[in-house]
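Each chain gets a letter, A, B, C and D, in the order it is written, and its residues are counted from 1.
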């Protein structure tokens, strides 16, 4: 069973790394990529549990995750484009107009 | 006939309403008619009521007007009660009152508040009658505070002058302090007697069912009310300032009637005081002390009305001395005679002031005997009466007081008698000093006032003559024996006729001594007296400063209360503690609002970090066992 | 029409009036004033009618209406008249027209909104008095704040914003704690068996453990104490009064302050008897402190409205003292004192408004010798001052006398058992009549007597009272004298309810007043 | 499930789908951009009425066993959400949006429909995503202002994080209980082991983020301010309502474990305090509404702690009242250039310019503050009574005191409108046209709920 725990640890690591990446990286597109990284971490853990417990619902969920991830990016990129056209930089720090 | 007492009481009220509302428009004729007519009519009815009382074998006449309030099984009726005591009081109030109303016509002629004056005076009569005829302590209290109001209005009658208005306020506040004690006494009596009707209270207390401690407490509390109203130590400070009112007011309210309310109260509730020897002893001591101290102050006063004011306080002290030693009838007798000669003295002084166009300082008078003979004559008779020269009224009543002070079984003592006699001597001294300085000797008046000194009109001098006459024959009524069945005289501890006659003789000697002393000391403008005072300069300053009681109260009560209210209550309590803490809380809220909004910095990284932090915290919280 | 509908009509008249008000054009203020006078006048007539129809000595509610409102919680639209709220309803109805009449000349901006707010305030105040259902009571209790907030806020003086926010937030804090208690009661009522009922009469029968009672009473008491106001929680009153327009001050002093004491009388003590008896020493101390503290503060103020505001603190201290004496005399006295203070303080504020309208200054130093300049004004002012001092034959005396007598009689048996404290408090309260005279006569002397001077009124010479103003004041004086001389009819009507109040709070001392 | 049973059960969703397709087709076919207001309105009304009708007949069934089921509560929730969406459409009609706003709105509502009858965590995830994704576009769509893109981005990124957290929660549930049905989630709720505790917390955290509970609220103020008024109205009312109602459905009969309870109570109270206090300093009306909605989210989460049978009724009633009052306030904002109409100081002296709007906003403000006689008070009373019923008396009292902090911010708005003189030259006119229509609809609904709360409670 140890390798299952190992894989779970890896997925947790991926998930955490994704979140930290969003917090740290200065480039909008890279932040989106890290979002995807978090989802991959989830996919891995789903795969492990499906395999481990033979629950096919997990597999169905994995496909759904792909679909939704794609949709999310489909909306994210145009927004980033709109933003960059106005702000001419990819650094999220300069887009802090709304505050207080 | 039925409703006689109610009609008697309502008459002056009608006078107040008529003059108050219509007086100014209908001119002095109407005002005089109503203002003077109604009191005389009232006096007539009082006489008639007294006659029906005497005719009906002395049983008290009771008239219940209406029920003020019924709460649970307590009921408060508004009822009038006439027995010999209240009949005598009613006669004095209406009789002297009517005369003083007549006198005021001359004195107040031409004053722009003429109608208002008579309205207030009638209002005073209404409340005084309420006080005197009321059956329950509640009605008496209504009258009690009512006369306080009337005296406030009349002292501050010329309200343009701030000092007069302030004197009015001082009178009301000091009375009110006494009323607070009165209320507490009333509550205590009510708790035990279950009713406020005075006759039933006397029965309950006489039945001996009430513990002595309670009777004493009730007695003392009611006496505090009496000191407030009758200007005894320590609440006497308002009476001299009350002289700011017109002189007829001083005569009626601050000499003849209102100030005697305290005496009437103690006499009426004799049942309570018979059960409370300690309270009676206190009354006697306070009475004689007040008498003595007031007499000493009167000796050095230079304002004619102030001398008479302190003389009133002193005479009231005598009355309380009599009450203290159980001689209730005698106190009322002295009250009866005092009403006449003190009213005569005040009105005489009023006539002098009227003649000298408002001058009240006796050092600028002198030699008026020839110029205003009638005033001089009546003033001299009244002075002799108050000094106690036989056969005038003062002699009879004061002598009996001194006798009972010595010989009464309920608290009479040598020391009381001695101090009383000394005060009698002082009384004679300061009264004849007044007579000499005002009427005899060389004239010390300013030239222009001297030029048009004139005798007062007949309406004023006539009243003086009547009052002087009563000052003479007043003593022969022997009121204390007339009130014997109602207010039994105390048993005597020294029952020897010889001692009685010796005491009378001694009193007469004292009066003559006072006369001669005054004549010697004040023969040419009071110079010998001034030299005498040079040697006792400090004593003179103390007496002149009225023992600095006013300043004492101001520093002990007035100023500290104002300081506490301003510094402690307002600045510390309200502003600093309560509002301060509220504003502090508001500032805390504002500060945290700023903190929260600053957290919303607008940078996406910071938001993501917050989410991360939140997630981690929650996970740690949930997984903390593992 | 049956009496129950009459009471509903009485309650909803201002709402109908408010609706009609919307139709009137904004440009015609006199129409607006006429309508609101009409509505409030009708309300007074109705209230008087109901007062005379109210039979004394009948226990329970009269003219009762009870319709389910939120069935799930047992909440009903339940209103009725009983001895406790009868006089206060009459007082509210009586002051209504006077307030509006008093505001004819002083309110010129947004007249329609003002009268709308006055009508809405009248509706909520009557609602609070009439409500016999705890939820309905609370709804009206907090709804009252809104119109008052706007009246002070829009037509007030310079610091009106601060004053009105302070008023709202101060009272709202108390109400929040009371809401916590009401919610807890709602939750406990539901857990009782049988159909859940939120009627106050049923809540009286609730048996609650003493610690629970203490907590709930603290919630209720805090909210009511702020409204009374009792001393430590009173600092909103002077600001609210000083900044409020005349009409606002009159309603605030006349009726709103009675909400707190009515709350204690109707809900506070009867709902939690054991806790009430535990809290009696504290409340009695605070009551006497309020009397002396209020009198003290009134002495050192130079703003006329503040003097009267602090005098209200002092006068309502008597009411609380009466309520806490738990004997017939004291509580009856408290009710009379409530009504009397409503009339006296209302009248005094009206008069301050009249002088402010003419000379636009509330500083005592700026005035003097008004008796010379405005004789009629001064006579009325003197009469009201005497009523404030509690001179016999005025309503002030009836209230104070009965309260002090009740407090003393309540404290005496305790004294005999060795407990000196209540007796000392009752005696200290009597001192209040002296301090009361001190500050009121100072006000009267500084204002009416002495050298005649007043700040220059803009419209030429200083004119004395107009017939309208005289009419208002005459009505008030008549009521004050009536209660002073003939209070018995009022007392008979409230006696049965007070006996029941006593039975609920101190069952063991029942009949003490009725030996 | 018979074919017509299948059709009937998911009728509201089918109608929505039909509406979206209709708009899409007409948009493609016609040359110039056609306004899609009418078809969208018809679809919404049809769906809403269908839901009410089905609720009335007490219809229930499981067209897709294990994933999608409907019962009277679900229909009530859908009816209430579609009802709240109608005024949003009216507001949108005022803004010069083309059909895209309507389409996105209907799509998002379709997601909400799924979410509210979800039986499996799959459907919950799918519904939640379908609810949120159109929203990101809605926020940008609003108007030509760079900040709106920034707002959408912040919402998207944090939304994405939320989705990831939800998914991780689902996978842990799968791990803990071997299944992804709602029942499995409820067993995980009770579970004490590492996986199930983690799963439950992650899922609830995801919901908290969607409902903008502190500390996951950061996106809300910026998103609300960046979006156009109708979009903000939609986000503040319908979306928040859907999220909470979904959580109630997900919890079903089960109660929160002691640990989770502590988290929810702590964060809920913190949100109430944080939202109310921060709102005191706001100068923008929508930003004020954002912080106030954070506070109200706190109340809703407190309601979640009540006994199972009272939860749905409390949350649903609260969402109705809270939603209506928010819509009423936003509908009455004076018209004008979008950024300007939002400023609080152009609300100054509004009473003198547009008395009706001022009074309506004041009514809304007082109801949000929970002051009787307005419906907000009944809702607040209901929430705290439910909390007390579950024994958490201290929490209820703390919540009430925290709600006291939320009175000043609403008074401040009223003060601006009634008590301060108007600014120099307000370039905003009184509300007109569809805005007034929206205002009147919501006002009518508010009065109905206010005067007869018992009826509405009974219907739920």
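Going forward, a residue touches a chain if its C-beta (ideal position, glycine included) is under 8 Å from a C-beta of that chain, and two chains touch if they have at least 3 such contacts.
Please read all numbers here as calculations on a predicted model, not as lab measurements.
S.K.: Weigh A-B against B-C on C-beta contact pairs and write down the one with more.
M.R.: More contacting C-beta pairs are found at B-C.
S.K.: Would you mind pulling out the distance in Å between where the CA atoms of chain A average out and where those of chain B do?
M.R.: Once rounded, the distance between the two centres reads 97 Å.
S.K.: Quick check: how many Å separate the C-alpha centres of chain B and chain C?
M.R.: It comes to 37 Å between the two C-alpha centres.
S.K.: If you average the CA atoms of chain A and of chain D, how far apart do the two points sit, in angstrom?
M.R.: 26
S.K.: Can you compute the centre-to-centre distance for chain C and chain D, using the mean CA position of each chain? Integer Å is fine.
M.R.: 43
S.K.: When you check chain A against every other chain, which residues touch at least two of them?
M.R.: 19, 22, 31, 92, 95-100 - these are the residues of chain A that touch more than one other chain.
S.K.: Considering chain B alone, which of its residues make contact with at least two other chains?
M.R.: Residues 597, 600, 602, 604, 608, 611, 615 of chain B each touch two or more of the other chains.
S.K.: At which residue positions does chain C touch at least two other chains?
M.R.: Answer for chain C, listing residues that touch two or more other chains: there are none.
S.K.: Which two-chain combinations qualify as touching?
M.R.: Pairwise, the chains that meet the contact rule are A-B, A-D, B-C, B-D, C-D.
S.K.: Using the touch definition up top, name the residues of chain A that touch chain B in the complex.
M.R.: Its residues touching chain B are 19-20, 22-24, 31, 92-93, 95-100.
S.K.: So in the complex, the part of chain B that touches chain D is made up of which residues?
M.R.: Spelled out, the residues of chain B in touch with chain D are 589-590, 592-594, 596-597, 600, 602, 604, 606-608, 610-611, 613-615, 617-619, 621-623, 626.
S.K.: Tell me, which parts of chain D touch chain A in their complex?
M.R.: Going by the criterion above, the answer is residues 120-122, 125-126, 129, 133, 136-137, 140, 146-147, 149-154, 156-157, 160-161, 163-164, 167-168, 170-172, 174-175, 178-181, 221-222, 225-226, 281-283, 287.
S.K.: If we count contacts the way the header does, which residues on chain A are in touch with chain D in the complex?
M.R.: Contact set of chain A toward chain D: 8, 11, 15, 18-19, 22, 28, 31-32, 35, 38-39, 41-42, 45-46, 48-50, 52-53, 55, 57-58, 60-61, 64-65, 68, 71-72, 75-76, 79-80, 82-83, 86-87, 92, 95-100.
S.K.: Give every residue of chain B touching chain C within the complex, in rising order.
M.R.: Interface residues on chain B, with respect to chain C: 66-74, 138, 141-142, 145-146, 149, 152, 156, 159-162, 165-166, 168-169, 172-173, 176-177, 179-180, 183-184, 187-188, 190-191, 194, 561-562, 564-566, 569-570, 573-574, 578-579, 582.
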